[in-house]
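Inspection log for the structure reproduced underneath, given as structure tokens.
Going by the order they are written in, the chains are A, B, C and D; count residues from 1 in each one.
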Amino acid sequence: MTTPRFGAGIWHFATYLDRYATDGYGQPRNIIEAIDIAGQVKELSVVDLNWPYFGGKFSDAEIKTALNRNNLSVIGITPEIYTRDFVKGAFTNPDAGVRRRAHELITDACNVVRFHKADYVKLWPGQDGWDYPFQVDYGTQWQRSLDGVGQLASENPDLKFVIEYKPREPRVRMSFGSVARTILGIEKIGLPNVGILLDFGHAIMGGESAADSAQLAIDHGRLFGMDVNDNYRSWDDDLVAGSLHPLELFEFFYVLKKNNWNGVWQLDQFPFREDSVATATHAIDFLKAAAKGLDRLDIDALQEAQNRHDAISAMKIAQKALFSALGEAE
Amino acid sequence: MTTPRFGAGIWHFATYLDRYATDGYGQPRNIIEAIDIAGQVKELSVVDLNWPYFGGKFSDAEIKTALNRNNLSVIGITPEIYTRDFVKGAFTNPDAGVRRRAHELITDACNVVRFHKADYVKLWPGQDGWDYPFQVDYGTQWQRSLDGVGQLASENPDLKFVIEYKPREPRVRMSFGSVARTILGIEKIGLPNVGILLDFGHAIMGGESAADSAQLAIDHGRLFGMDVNDNYRSWDDDLVAGSLHPLELFEFFYVLKKNNWNGVWQLDQFPFREDSVATATHAIDFLKAAAKGLDRLDIDALQEAQNRHDAISAMKIAQKALFSALGEAE
Amino acid sequence: MTTPRFGAGIWHFATYLDRYATDGYGQPRNIIEAIDIAGQVKELSVVDLNWPYFGGKFSDAEIKTALNRNNLSVIGITPEIYTRDFVKGAFTNPDAGVRRRAHELITDACNVVRFHKADYVKLWPGQDGWDYPFQVDYGTQWQRSLDGVGQLASENPDLKFVIEYKPREPRVRMSFGSVARTILGIEKIGLPNVGILLDFGHAIMGGESAADSAQLAIDHGRLFGMDVNDNYRSWDDDLVAGSLHPLELFEFFYVLKKNNWNGVWQLDQFPFREDSVATATHAIDFLKAAAKGLDRLDIDALQEAQNRHDAISAMKIAQKALFSALGEAE
Amino acid sequence: MTTPRFGAGIWHFATYLDRYATDGYGQPRNIIEAIDIAGQVKELSVVDLNWPYFGGKFSDAEIKTALNRNNLSVIGITPEIYTRDFVKGAFTNPDAGVRRRAHELITDACNVVRFHKADYVKLWPGQDGWDYPFQVDYGTQWQRSLDGVGQLASENPDLKFVIEYKPREPRVRMSFGSVARTILGIEKIGLPNVGILLDFGHAIMGGESAADSAQLAIDHGRLFGMDVNDNYRSWDDDLVAGSLHPLELFEFFYVLKKNNWNGVWQLDQFPFREDSVATATHAIDFLKAAAKGLDRLDIDALQEAQNRHDAISAMKIAQKALFSALGEAE
């Protein structure tokens, strides 16, 4: 395997706040500062940018300059359809005016994608869903989700749209909540330029086996992107990749390789209390070792064990490959 | 609303064992005894029968006699594709011979369905899945699931097949694990006689809103059956319906009514340590009150609140209807 | 039962932000505005105030004026030991200077408690814990938690300190994470003026039966306060009380009554997207009905059923009492 | 570090059944057969035996003969206080006669402990708890748990009693449900010969950090035993140790070593569908590598990182030690 290219959401290098630490986990940073910090991570090639650019008014050209000096290019643009205007939903907002505003915002983001020659518009409808029983009409809710995405995809056939599903947060229940639900919706939309961005952490917090989710998305021709991190399986902790569930992450990469899926390996981590460069670097070290481990896998023996559903033998082969590569890492 | 008809899995009236109480939670009962106990539950009309009939060798005619004397008819037959022969899977077993055996068993069950003039063959592939990362090839696993069900459905076009999905147990990860995954598979199979049996408890243990799951299955024309119970959202405790999550169960019924879904309201409870007649009766009392509550719902006001996503107002209307009906119950 | 007094955390009437909606779920409000909104909730008697007062510089006297005009008094003061300075912990911060700062902040909060003649200082050490394996020395971590609380309690023997435990959030793992852990710590501290504030939602998200937790805290003489809300059992959603788990909440109140625990029934809800007055009012309506339901409970019959561990009979009695009271509510 | 001694529950080598595969996951085995299979696992030194011995009538002497020929000795005896007689509880059964029977059974087990010169009586009160709100009086329930254990410990001062806590299963809620709750109870009992057996899987399924739980039990002088396995954090899957959460398991061992805790490293795995010898051997291979990894840990650097709560640096040190040892394993 050639080493994959590595990427990260630019928010990895921002600072955060939450409902308790309302003054933030550190000094605010604007997107230019975040890009310059991202540039310190060796082997980072691409970034996903929130849009509108955070922390000030910046032109696309200014952003590009900052990216260039850090040898970074743009893989995707994430329009912020989960901020104040959209807390009751973007595509599914009860107010038609807000739905229109979401559409306009994303339409504008399409031009930013074109400017940066990015791979896709990333849709993460984190506020689209519900909190309580009886709050919404589920049929309407789902139809609006599909209409919203479908309209964008058909109006912008030159671009790809990726939906990043997640079971919950910030909405207590999200409409695009699982891999199968999202594929089902995409098939209903029926356009070739809509796919999935599979976040490893979102999959495992939803009780999925992320490798199985990847296979399913690939079999439907819809795996357009991915990112990784880790968590304790019940919430999107966005911890450093490989820290808690190394074997499952390795299996996720294995399924990608097996299917000749050659996209960027991206990070979606939130180092609330850690140094962001050290956190990204540590994750990439894990990813590089995992890539090396894939080359060491005794594929024939593995598949032979899988043919018998022999978990212990299969795991032994996988662990050997992964741990030996990790053990050698610096 | 006319009062719905009530049903139950016949196992509700059996005794149980588990990996610890291997000598069982009570004296073993055979299926005839279970039917006679079921007959003591007033307002129970139909049962779902495990097959082969448990606890002895019984002819279909003997079963029918027992059912008749208890005024019960059969809604479905559940072939036992999760016992010793199938612990590594029925449809997805690594051994082609076992997959064939599963096919034969279910084919035989089809005749039992015909004998009893039941509505469907119920497929609950509880052992089809995996336990460990790297244990199976996910693509093969899923394809075999679809092939197995598809073959049966195409060979028996006179019958309906319902798949009861569940996230886990006994298999640590089940292939038919969520509503969307199951619909996706059914759409792939592409036959009209395959649908979903939606278990309320399986939905909520998987983080689904059961009412939303029902709407989705209905919108795909695939809601062929349902059953109810309750649990603490992380495991299939099969507790008495309405005990823990009354409002969500009420919403589930509301979505059925709203869509004119008129099937049987079934119980899938496991009263390990409780009297099974008392447990079934208590559940049906809840269900009857819920049905009465549906009639009281101020639908216009509810939909108006839902149009605004006004959770508090919508809930107030729903609670009023449900609790007032429950408060009057004997 | 005389109707209990009702209270709320003043943050119930603030607006919120989170890591995604960084611009907030609404226009920022200062604490005076929040108090004036709280005043619109009929039957609200007391509030718990964050300190330092949010949204501006306000003197204790100004706050008191605002409270007075809304007929509110103060039950507790919550020093903000979870904001930027303390994101790596207050009592357990690795930096001795920060630990000292936390001590000083809380010491200052003690005077605010005295000024308002409140019942207690509320300690909610939401940042005290860890995120990753190997991150901390657990013995040191726990000892510092106990030392920090113990020092405050011994320096301020005229005041009560309540610890509000919670399994997680914002810290991925919190030191005071369960009722038993917190009691164990309090017993180790060994001072009479340290107790627990039991949050119903924190209990159930941790897999506790909140009524059992209350009994345990009471049996140790440490239940100093409580608040209620609801969630989907895996995260602190802070939804409206009674919405999802009415029977468990009713049981919680039952245990309080049974033990003659006569404190305030407080709300700790976060109506991110709902009207805060409507949300508080709806919760209080539930609480009033629950209080009425307690009066209707056939205690003798209930205890007789409990003596036999007869779940169905006991539940029937409890449901009857609760639902009939709820059904009558306006 | 000298290599630890390894042990296993003898049930590791039995076959299982559950509520679905009621005919079992394989041919039944008696305890003698299980011992002979255990004997095939190289480096297994001790076993924990269920009592009464399963699968037939066997004298203590016959068991001893079987153990001797397999070079195994007994670490503990687990009286079966969770079978049919005790499904409504052993210590907390509502029926005083059943509570007495539990006492007698365990008293008899004490003599088996003496016969085998085992280290302890293991109490695993898996049926002691409740399923539903309002089912039990929590105060009575907890008092009976403490009385039952306390009486045994005071009647048998020559023996040690270990309580293996677990959040749930088979009971939906277990009385001894967490490490802190169990310590709290043990402190209340106040006898020196009652301690905890800490099961790694039970800790993580309850949301505990197992290493923290170990430290807490050690600090209270109550860590009398331990066993390991793995699971997906929400249920006691009893999968092979190290498969899913290697770093957390390594940290658990680290805390034991740091505190000079020198007991046996035991397995509590349920290889439902796997070969039991291969499963045990694979786990022990992991454990041996982990032991080697402990020797490689740069303790000074680790503690320095922990002093700063520097998660990334600490993890890097730990991962390096563990993965390099695992990478070299055969």
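Following the convention adopted for this analysis, contacts are C-beta pairs under 8 Å (C-beta built on N, C-alpha and C of every residue); 3 or more make two chains touch, one makes a residue touch a chain.
What you see is a predicted model, and the numbers here were worked out from it, not measured in a lab.
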item: Pair in C-D, B-D or A-D that repeats B-C, with over half of contact pairs matching by residue number; value: A-D
item: Chain pair showing more contacts of the two, A-B and A-D; value: A-B
item: Centre distance in Å when chain A and chain B are each reduced to the mean of their C-alpha atoms; value: 35
item: Geometric centre distance via CA averages, chain D-chain A, whole Å; value: 39
item: Where chain C touches two or more other chains at once, by residue number; value: 88, 131-133, 168, 207, 232, 234, 240, 243-244, 247-248, 273, 309-311, 315
item: Touch list for chain B against partner chain A, complex; value: 88-89, 94, 130-139, 141-142, 167-168, 173, 177-178, 180-181, 183-184, 187, 206-207, 209, 211-212, 215-216, 219, 247-248, 250-251, 254-255, 302-303, 306-311, 314-315, 317-318
item: List of chain C residues in touch with chain A within their complex; value: 16-26, 82-84, 87-88, 126-127, 131-133, 168-170, 172, 232, 234-235, 237, 239-240, 243-244, 270, 272-273
item: Interfacial residue positions of chain D with respect to chain A in the complex; value: 207, 232-234, 240, 243-248, 273-275, 278-279, 282, 309-313, 315-316, 319-320, 323-329
